[in-house]
Every structure is written in C-alpha cells, then in structure tokens.
Amino acid sequence: MGNTFGHLFRITTFGESHGGGVGVVIDGCPPRLEITPEEIQFELDRRRPGQSKIVTPRKEDDTCEILSGVFEGKTLGTPISILVRNKNTRAQDYDEMSMKYRPSHADATYDAKYGFRNWEGGGRSSARETIGRVAAGAIAKKILRQVAGVEVIGYVKRIKDLEGIVDPGAVTLEQVESNIVRCPDAEAAQRMIDLIEKIRNDGNSIGGVVECVARNVPKGLGEPVFDKLEADIAKGVMSLPASKGFEIGSGFGGTLLTGFEHNDEFYIDENGNTRTVTNRSGGIQGGISNGENIIINVAFKPTATIRKEQKTVTNEGEETTLAGKGRHDPCVLPRAVPMVEAMVALVLCDHLLRHHGQCKVL
Amino acid sequence: MGNTFGHLFRITTFGESHGGGVGVVIDGCPPRLEITPEEIQFELDRRRPGQSKIVTPRKEDDTCEILSGVFEGKTLGTPISILVRNKNTRAQDYDEMSMKYRPSHADATYDAKYGFRNWEGGGRSSARETIGRVAAGAIAKKILRQVAGVEVIGYVKRIKDLEGIVDPGAVTLEQVESNIVRCPDAEAAQRMIDLIEKIRNDGNSIGGVVECVARNVPKGLGEPVFDKLEADIAKGVMSLPASKGFEIGSGFGGTLLTGFEHNDEFYIDENGNTRTVTNRSGGIQGGISNGENIIINVAFKPTATIRKEQKTVTNEGEETTLAGKGRHDPCVLPRAVPMVEAMVALVLCDHLLRHHGQCKVL
Amino acid sequence: MGNTFGHLFRITTFGESHGGGVGVVIDGCPPRLEITPEEIQFELDRRRPGQSKIVTPRKEDDTCEILSGVFEGKTLGTPISILVRNKNTRAQDYDEMSMKYRPSHADATYDAKYGFRNWEGGGRSSARETIGRVAAGAIAKKILRQVAGVEVIGYVKRIKDLEGIVDPGAVTLEQVESNIVRCPDAEAAQRMIDLIEKIRNDGNSIGGVVECVARNVPKGLGEPVFDKLEADIAKGVMSLPASKGFEIGSGFGGTLLTGFEHNDEFYIDENGNTRTVTNRSGGIQGGISNGENIIINVAFKPTATIRKEQKTVTNEGEETTLAGKGRHDPCVLPRAVPMVEAMVALVLCDHLLRHHGQCKVL
Amino acid sequence: MGNTFGHLFRITTFGESHGGGVGVVIDGCPPRLEITPEEIQFELDRRRPGQSKIVTPRKEDDTCEILSGVFEGKTLGTPISILVRNKNTRAQDYDEMSMKYRPSHADATYDAKYGFRNWEGGGRSSARETIGRVAAGAIAKKILRQVAGVEVIGYVKRIKDLEGIVDPGAVTLEQVESNIVRCPDAEAAQRMIDLIEKIRNDGNSIGGVVECVARNVPKGLGEPVFDKLEADIAKGVMSLPASKGFEIGSGFGGTLLTGFEHNDEFYIDENGNTRTVTNRSGGIQGGISNGENIIINVAFKPTATIRKEQKTVTNEGEETTLAGKGRHDPCVLPRAVPMVEAMVALVLCDHLLRHHGQCKVL
C-alpha cells in the first residue's frame, strides 16, 4: 500500500532497484495530449546516474518505453504505463548488505515491517523508484504548460553552507541546466561543484536545499481543508528519498517577523487583477493558489551511503561496522532537482484536473 | 472536496466559523474503545479561544456532543460523529469583511475559487474548523496509548526569536500545561508570554515553532513510497491554518552536516533491540518508523489579523485599507499545540490500523 | 470504514437508529447552488416511516437541519452537513434483541465483526441510515437537473409476482407519487396495496423490484475500466438494505437472446445525433453513458422482520425462537424508491463532476 | 481515471488490445507469499483466446512477466507489476472499425468521452484488459487459500436457456475444468457446447449466467454501509465486459417468496458455531460475511461482435452497415469464468486485509 499518488491525475509507481524494471502507471491523463518518449526521456536524463562527474558513476541509461495509453502520438485518456528496464546490476557490491544494515538507510525498517527485503541496492527504497515519478512529471508539466502556461522550475539553492542567489521570478531552465550542479548562480555553482568533489574524495557526503518555483499557476487550485495545495505539495516532496524539511513561502524564516511585516498587502495591477505586493505566502493562501509564484524549499540530508566506516548491526542482532562500497552520489541535490519539479507538477496537475475535469481540460 | 483525511482511520470535518456548527465524522475507529465526551472536551479546551490572557478573548465554550458511533460508553466500530454548535457570533465585527479582503487571509482565494464565500469570521478557512481535528485526535491518541503505549506530546519551542530548551525524550503533558504559552521551559515561557502581551498591545502579532514528539511508536509504521510516515505527517500539519514549514528529525539544520556526521549509527541495546545512537532521522527511516522518538517541527507564521491598518482591495477591485477589528490571537502557537498533536496522532493511528486492521487492534 | 461513497461528489453517512441522530456530510458539492431544507425534506418525507397505511406505523418526522456548507440559501462549495435527530425510541420493543439474533438481519454478523453492537432497533444496520443518502440524493438530483436537465425517477415495478406496466421514457414523478405503493400503473398499484395489507395482517412480509430511469444523461459519463457507470450504480444500490439483485438494461433476460437480437443498432436522428434503435444496453456502453435512458432494476427481498415466530439463536450460543414485536414494514418497496433514486443520482452527479470539475459546473 | 480497484489490496490495470502490452500493478500484497509466474499463468491460460473450439480462434499465448515485487520467489510487500506483451495483431481486420461504430460496443461512447480512441480491436474496452485482473486474482486466491482456506470457484450455470445443475457446496475446480464450456454438469455441458457451435456457424452469438461460490470465508468481512461485501462484489463483476446483471443469494427469485419463506433461520452446529439452516442470504448479512457460502450470479449478454450484418453509423454521422470480420467468441461465458472468480477473490482479499492489516496476515 502507499504506492499511489494523486486523486484525478493519479500515478502508481512500481519496481525495485534490481529485478525486471521500474515504472509508473498514470491514470487520468487527459486525452488528445501529444507526447513522445523523447519528452519523457529528457527528464529521465536529468535524474539518471552517470550524467556528470559529481554524481554517482553508475552507468544506467534508463531508457523508457511507453507500454499503453498513447496511440498515434497522442494520449487516449486511458492509463499510460511507462517502463524502464533494470540493467548493469553489480550484486557483488551489495553482498555485505544482505546482512548489515546501512546506517540511516531503510534496510532495518523494511526488515522490521515486511520481514523480508530485496537487499540488492536498496530494493524499493532506492532512489531508482523516482524514475516513475519523473516520467509522470514530464507529462504533468506538459499539461500544465499547454493548459495554462504554467512553468515549474527547480534548482539547487544551497549545498551545505554555500548558497546561490537566484530570482525565482526570472530563473530559466536553460540557466538551471547550464552547469552540472543545477544552481543558476554560476559563481556559487562552481564553489558547490568544488565542494562536492572534495567531499567525494573524502569518501563523505553532503546535502542542501532545492528551491522550486511554479509560475503562472491559475488562481483557485487547492482543496481545503486537508488537500490544501501546500499540504499536497509537502506530502509529495517529503515522500522523496532523503528529504527532511519543507517550506512554503516565508517558511521557518517567516516566524521571525511580526504580522505587520509578514502580511502580503493587496493591490490592483494594471490589468485590474488582485495581486499581492510581497509574496511571503508563497503563492498559496488558505490552501488555494492566488496567482502569485508558488515557491517552496526542500531540505535534503547528506547521502547516507559513504565510504567511511561506521558502526552498525546485522539482521541477526550482531554489532559490526560497514563502509559503503558501491558507486554512490556524494550529494543527491543535482539529481533531486527534477524529482522535486516532478512532485510539484504532479500536484498542480491533479488540482488542475479537479478544477476542470479530465476530459475537457485540453 | 478535500475535507477527508486518512485511509483506514479516516476523518471528515465540516462547518464554518458561523452557521449551525462545526464537527467531524470519524470512520474506521476500532470497536470496543471506551470513550467519554469529557476526554474529547479536554483536548477541545486546550484549543478553545478565551482560555488565557494571551489568546483571543472570544468566549466560545465549544462543548462537544457525540451524535453516533458510541453506545453505553464504548465505540461501535461505526462512524463517530461529533458536533460543536456555533455561538457568540458578532457578525458586526465582520461587516467590513464582506467587501474587503484581509491581507494574508483566504478571503480572496475563496472568492476566486468558489465565486461565493461566507465572509462571517473566515467561514470555512477559520481555525475553528480544527475543532473537528482536535476532537478526532483525542480518540486517536487514546487508541495509540491503549494499543502500544504511544505518547504524542507537542509544545511551543520558539516564539519569534525566543527559544525554549526542551528534552523531547522526557517532556510531559503536565509540563506543557504548566503555563499558558505551552512551553515546558518555564523561564523561556515567561519571556514568551511577556513578548506576546507586548505584541498584542501594539496591535501586532507574532509566530514561532511548535515541536511535537511521539514516543513508543512501534517499528514498522508507514507505507512507502508515497504514504511514508513523514510524508503523511507533513501533509497533516501543513494543512493546519498558518503553518509555513515542516521538519522531521534534523530538518533544514541537517543539511549543514556531512553524511559521516549525520548518519545514525546502529547498536544493539540491552534488550537485544536494534537502536540508533543518534536520532537525526527523527524516528523514521525510508518512510517507516524505526522505534526511536518521532520528532517534528512546524513553523507557524504570525497571525494575519492585526489591528494595525494595512493596504488591501475589495471584492470589486477597489484599493482600500483595513485594520482588524475583531478579537484575535496575537499568537496562534499556544492553541496550535493540540492541533499539531492531533494531526500527528491521526496519522499514526491510521498507519497503526493499516498494520493491524480496524477490528482486531484492541 | 466503508461509510464514504463517491469520488468527487462524496458523501459520508453516520448514525444509528437510536442515539443522537443520523446524517450525512456531503463533500464536493458545487458552490452557488440554491438549496433549501424544504427541498431535502421533500425527499426525506418520501422515505419516512408512517407515511401511509402500507408502511411501518412508526412515527418519525425526520426533520432535517443543515449544519454547514450553505450560506444565505446557497452552497459554499464546503462540506454540507445534514442532521436528523432520533426520536420516538421504544427500546422495550427491542429488549429481546439484545440477546436474540433476528433471522436474516445483521445482528449476528455485527457481533462477529465488531464484538459489540447497538442492539436497539438495528443500530447502524437499520434502514434509518439511508436518511443521509436520501438527503444527499436530493442535492445530487438538483445539480443534475440544473446542469443537464437530468431526471431520475424510480418506481415500484413489481411486488412479489404482481408486475406493473410502466414506460420508463414517459413516467413522471407525479404518477409515481399518485399512490402509496409508488407504482405508476394505477390498476396494478391497487392490487399491490391489497396484497401488502393482506401480508401485513398475516404477520408476514414480501419483496419486489424497483425500476429506476435516468433521462437526459449527457453522453460520456463513466470511467472505465473499474468505475464504469453501471459498476458504480450497482455498488450504490447493492449497498442498500435488503437489495439482492441488480440489472442494467436487458439484465438477466438479455441472456436469452442471441447477439443479433440483442445488439442495439445505431442510427442518426433528426438532429444529427448518434442514437440507438433499441436500448438493451440500458443507456451505458463500455461503462460510459451513450445518451439513451439509463434503466436499472433492483431486487429487494421480503422484509426480514415478521411477526411469525422463527427459529434462531442467542449471542451466547443457545437455540431459541423469536417473533418480531416492533412496528415494521410488511414491504420495503414503497420506501425504497427514493433510496434507489438517491443512489443513482449520487453516482451520476459524481461522474458529472469528474467530467466538469467541482467549481465550474454551475 | 477509474483504473484502480480495491482499498488495501489494490490493483491498477493498464493496456489496450493493441500497443505495447497489458498488465497490472498490485499494491498491498502481503510480504513473504510464495508465488511463481506459473501460478499466474495457469489462470491466464483459462481466460486466453484459442484455448478450445468454442472460443475465438485468435492465437494469443499471453505469457506473463513479473516485473517487480517478487524476490527469490517471494513477495516483498512492494508493488507487483505483471506485464503481458501484445502480439499477433491483425489490424487489417479492424480497418473498417476506425470509421464504423460496432453496435453494442464501446466505440461510440469512447469517442464521445475522449474525442479520440484506439480503434484497433477495441483498444481499452477490449476484454484483453481483463488479463491484469485475472493475474491479480491468481495472487488474491492464493492469499485467501493460505490465510483462511477460502476457495473461490466459478462455473457456467446457464448458456442461453440451457441450465446446468450444480451444487455450489461441493463443486470442484477439476469438475469445472473437465469440459471446455466450464459447466460442471457434464450432460448440460455437452448440450451447451453443441449450441455454441451451432450459433457460431450461424455467425451469431449467445450469452448466459456464471455462478461463483466462495467457501470457507471467515465471518466478519465487509464494511458497512457502502463497502458492504456484496456491494463491492457487485461493482467488481459489473465492471467486467458484457455483464448485465448481478445476484447475491436468492437474487431476483427471492422476491417471489414471503419473509417467512425467505428468512434464514439460525441454529447452533455441532462445533457450537452459529449457522443458518438455509442460505438465501448468500453468505452475507448486513453487508458482512456470516461464514456460509457466498454465492453470486452474473448475467453476460451475447457477444456484441457477430458476423451477421447490422445497421450502424460512422464517426462522421453517416448511416451504414457492418458485419464483424475478426475472429470472435460466439459466447464469452467459458472465458468469463476466471474473470468472475478473479473479481470475487480480489474483493475478498481486500476485505481480508482490511480486517488483518497487510503485513501481519501471513
């Protein structure tokens, strides 16, 4: 249970890091949307291992196949199933892991819950599972763009204590993709890259913060009181591997202001639209989009797998030590960017369809 | 849509701040649980207005009535409906609000979404809606306590920049309730109270951070990959009015550590249980509880309604100004504590039932 | 669990036959719909006990109160909660029932499942629960009528072996309500009424078939492959008390025809619309409405409670006998008509909103 | 939307008759269940085309591949994805169908709903979609058998007006599989086979009734008031292609009895269990299983595709005629048996897990 996300635009992901493959079934996609495997592949390539010198060198080309739901290049309104085969398994890297629990991984909790687990490379708890999310997110993004001109753009805002300066109102995908760390502040990006390389050479890892903006979101999306837009986004990104915190708009920093300082005053813009002068609300008020930019932050912890030795235990209750042997990311942030974008896009698309219905939106 | 929360222990809330009343229907409560209106009332009294000098002086006694689902003092396994009548309406306070949008409130977005709203006191977007959540949370807490000895304790950790020192492993409900701001650090509490009084006298407002701990949570709760325990908790608390941020375990601060510093090493305790030396994971690994304390933080913004005048617009597109006239909270934190506890308890109870089934858990 | 029905137009019912009351929360009702308690009461009066000489003489006026979701006579788009208080309890009628299981009732299974039950008058398994459905159905009907001119009309087609002749394409509510058995064939109706009176005098009971037609249903409603329109309707009516069978279109009788006889040939009508010559499909093809009349049949068994003595057992495993003592319906059919209409209307309304979205349909 | 079925044991099917393939994702399967592709293939072979002289001669071997959720022969508790590739497409058979709507098929309604359809062989509305259901049903059956010894056995009870005599309490899978029409009454079976062959030679088609029994079902399954066991089963089987009617227990025939005749009297059996003398309730009372055999009937209409010419229209509004050209079933009943079994097993398994939780049931 728990592998389905969304209400009208609803995805179900499947697959372990090892075994036949990973993928997603997307139910509720509007009919008559033009979509190609290449558009999906573009996003998958942004999350795949081996894409640059600062991510894991595992070679996985992660080629997607659309199994259903698309006919003559257009969606049918029926479930879209997308499959990415698993390859390049090096189970010998993982032998030790059949016994030893990796610290701050899910090995121990999966054993506690299910009494059995696929110990090859993390199984279902591997970030490889997010392939299905990113594939579905590519479709959600296209719907959002086509129906309402919505843009969803994520980027690395901070690596450890190195923070970039980025204007969420102006940042472009091109800027994000202009460097391998996906921080649009070129100068900060270089320092981040240097730090990640240093950390990798130490056999250690680091984390940071991904920011994501959604622009041109129509007013009125979000379903109080539980399916508020920020609540659904929070659930989406907090279900990503390694995420530890979430902020909408002013976030934790907003708690240091007074109400007089924090409130977003209203004004009428040149087109007669009700707008806010500031955007501490982050584009959502009362759980409903207000037409301003939706801006969120997601904290990602340092990668759990490191080459340094740490204390752990076995599944038989013996204390031991473990040093990571596989080829792992010293920092997940660059690859987390498309994952965050995907979750934001999936939530927005779901709420767009709740507002418009599935079949009439396009 | 969006007024239902939970999968097996599922609540649906209803009601506006004005009108017949507010309440909740709880579906999936295990049968044979002893429950009294007084146990529910205890939690409602912790969230009600007028309970102390630092919250809104509105007098609402918020007396609950159990309409169904309980027979001879025990739950039937059928839906439990709980109703709190609305009273003490001072609609004249709200006259201006039928026209003017309150900054950083939901007035404008409700109009944008529904084309119509109850402008009396916030309608559905009023925090009064949380009565249903807190009532249901009282029952969830009792189930958790009875089945597994789980304790869910929330408290004010920070008001603006005033932070209390609290040990989540040892804090008691008695300590939380020992002062009106609900910060177990007595010395910090006094400074917080003084600050809130000062801010109220200024006609301004402030926010802060509520921390919540769940102790004795059984291992194995949580349903990857989307219904991870922290994802469901994040959704729950981010659906509370005024919440702007969420952290599990090390949260945003954890992004400043390296993996070597951040990882929770395992050990075997004196009872042979697999435990972690540190708890930066916050009691959840891979979306599944690991038996350590679950610790979360929730950021609440400063109350939007203030007596100071601010710029706004009317529902007819005219620019104007507005100064709050009603009796409002200068700081929502003391009353938010039972709301956060309720959401955490609801999520844990739902996942407990997913693990055990509804009818056999007690 | 299991007390919620619908996906976008979603109802949750609550309440036992005895206790505080019964009711419903309707989530997802479009905003700006004009609705009065009287419109809801009209339908409740069609299902209430004591309405005529052939139903139970229990006096329950079943007056409804709208607790939330309606403001100044119009829906807000927020949850509509409707409450009907319980009254006129004669628990002494039920004393024996705290021990003895009534044959073909739910007493024994509720005890087996929940280990505890409200034995006063059937508790949750009482047909009194359907008050919430009928109240919600009144609103669903109004939405259907207003958005698309849809009419949902049910009627008694058969009582035991007495069958009326009714044209589903032409029958009116006025005809249905023109006699107390709700069979629009006046001559058959009189024979049915005579039979019911005779059976009641025998202390026995009878069943029959309710037919229900939905006219002017827009093409395109229904969500294959599981939420086909007939599948959702089947679930809805098979969840009514005492229902034992369901047919769409040709039903069981259709199995006696060949494909050549059974197929609905297409033609183009004078307005250029694609229509079918016959309607053995019952208005639904491939799970999707085709614009023809939707016609269903529901079988209701004879009322389980009878005055004749029958063999049974106690909750302690002793064999005994029981003769019904309360004031019961000799035939549920006349009161079942509004229940069937309600379930059909709820399903159609839910699918209408899936097609159009909640907020923009009106 | 609408391609997911179940609450705790939840399946999502995907795929059109043509294109990459069809399949299913099963979420919520208990961990540690031993399962092989062969066990799934056994059921798929019972539904596949070309299995005998009385079904369609299309050659589809329908070989399944388990993509995820199974490791070293045992389920992981993670989603099980099963894929069957499409083959043997003869699109030239279908050329005419890109224009002409087949009478009593879903071509016209899919066009009305989605504005676009895969006209090759029925696309999503093809019975080929049920492959995913039958594969999931194989797993559900195994869980039911292993946890509680539940047996789910379906069989052909009637073909047109030829009815077999079968004892639901004693019938075996071996008897069902002993002839190609799947009617355990050997003598009736032969007459049925002869009739089907005759009808096929006429280019016509026929329907009938499948009966299904579930034995050894534990007491207490079913979730009133909407998710009653018979309501969920009704939805499941009424979502199957070509089904037109559903009965539980006495069904429509029960409406001809009086309450005194129809009620199931209770007694205490030799083991002290509460049992019923008769079983007109069909094993379910008040929506909850009572431990007696669950017995249902499902009416299937005659196959819509026939070789005889019939009147129809094109998607451009022209009247025309059509005679089926492909290789079609003269009678779907023999292949519908495993489909009905699958839907019954899926519902029972879902309710079993609601009662026991996912992870602890095995």
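When the chains are written out, they are named A, B, C and D in that same order, and each has its own residue count from 1.
Heads up, the rule we're going with is that contacts are C-beta pairs under 8 Å (C-beta built on N, C-alpha and C of every residue); 3 or more make two chains touch, one makes a residue touch a chain.
Chains and their UniProt names: A, B, C, D = Chorismate synthase.
Keep in mind that this is a model prediction, so the values were computed, not measured.
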Review point. Using each chain's Cα centroid, which is most distant from the centroid of subunit C?
Key: A
Check your understanding: Looking at subunit A with subunit D, do both copies bring the same residues to the contact (over half shared) or different ones?
Key -> same
Study note, to complete from the structure: Higher number of C-beta pairs in contact (A-B or A-C) found for A-B
Review point. Approximately how many whole Å separate the CA-defined centres of subunit A and subunit D?
Key: 38
Revision key, fill the gap. Per the C-alpha centroid definition, the whole-Å distance linking subunit A and subunit B comes out as 26
Study note, to complete from the structure: Between the Cα centroids of subunit A and subunit C the separation in whole angstrom comes to 45
Check your understanding: Of all the residues in subunit D, which ones touch at least 2 other chains?
Key -> 1-4, 7-8, 13, 78, 113, 124, 220, 224, 354, 358-359
Study note, to complete from the structure: Given the complex, residues on subunit C that touch subunit A span 7-8, 78, 220, 224, 353-360
Revision key, fill the gap. Residue positions on subunit D within touch of subunit C in the complex are 1-5, 7, 13, 101, 103-106, 108-110, 112-113, 124-125, 129, 158, 160-161, 199, 204-209, 219-228, 230-232, 234-236, 238-239, 241, 244-252, 254-268, 272, 274, 276-277, 280-282, 284-291, 297, 299-306, 308, 310-313, 317-319, 354
Check your understanding: In their complex, what parts of subunit C are in touch with subunit B?
Key -> 1-4, 8, 10, 12-16, 19-23, 25, 27-28, 31-32, 65-71, 74, 76-81, 83, 113-118, 123-124, 358-359
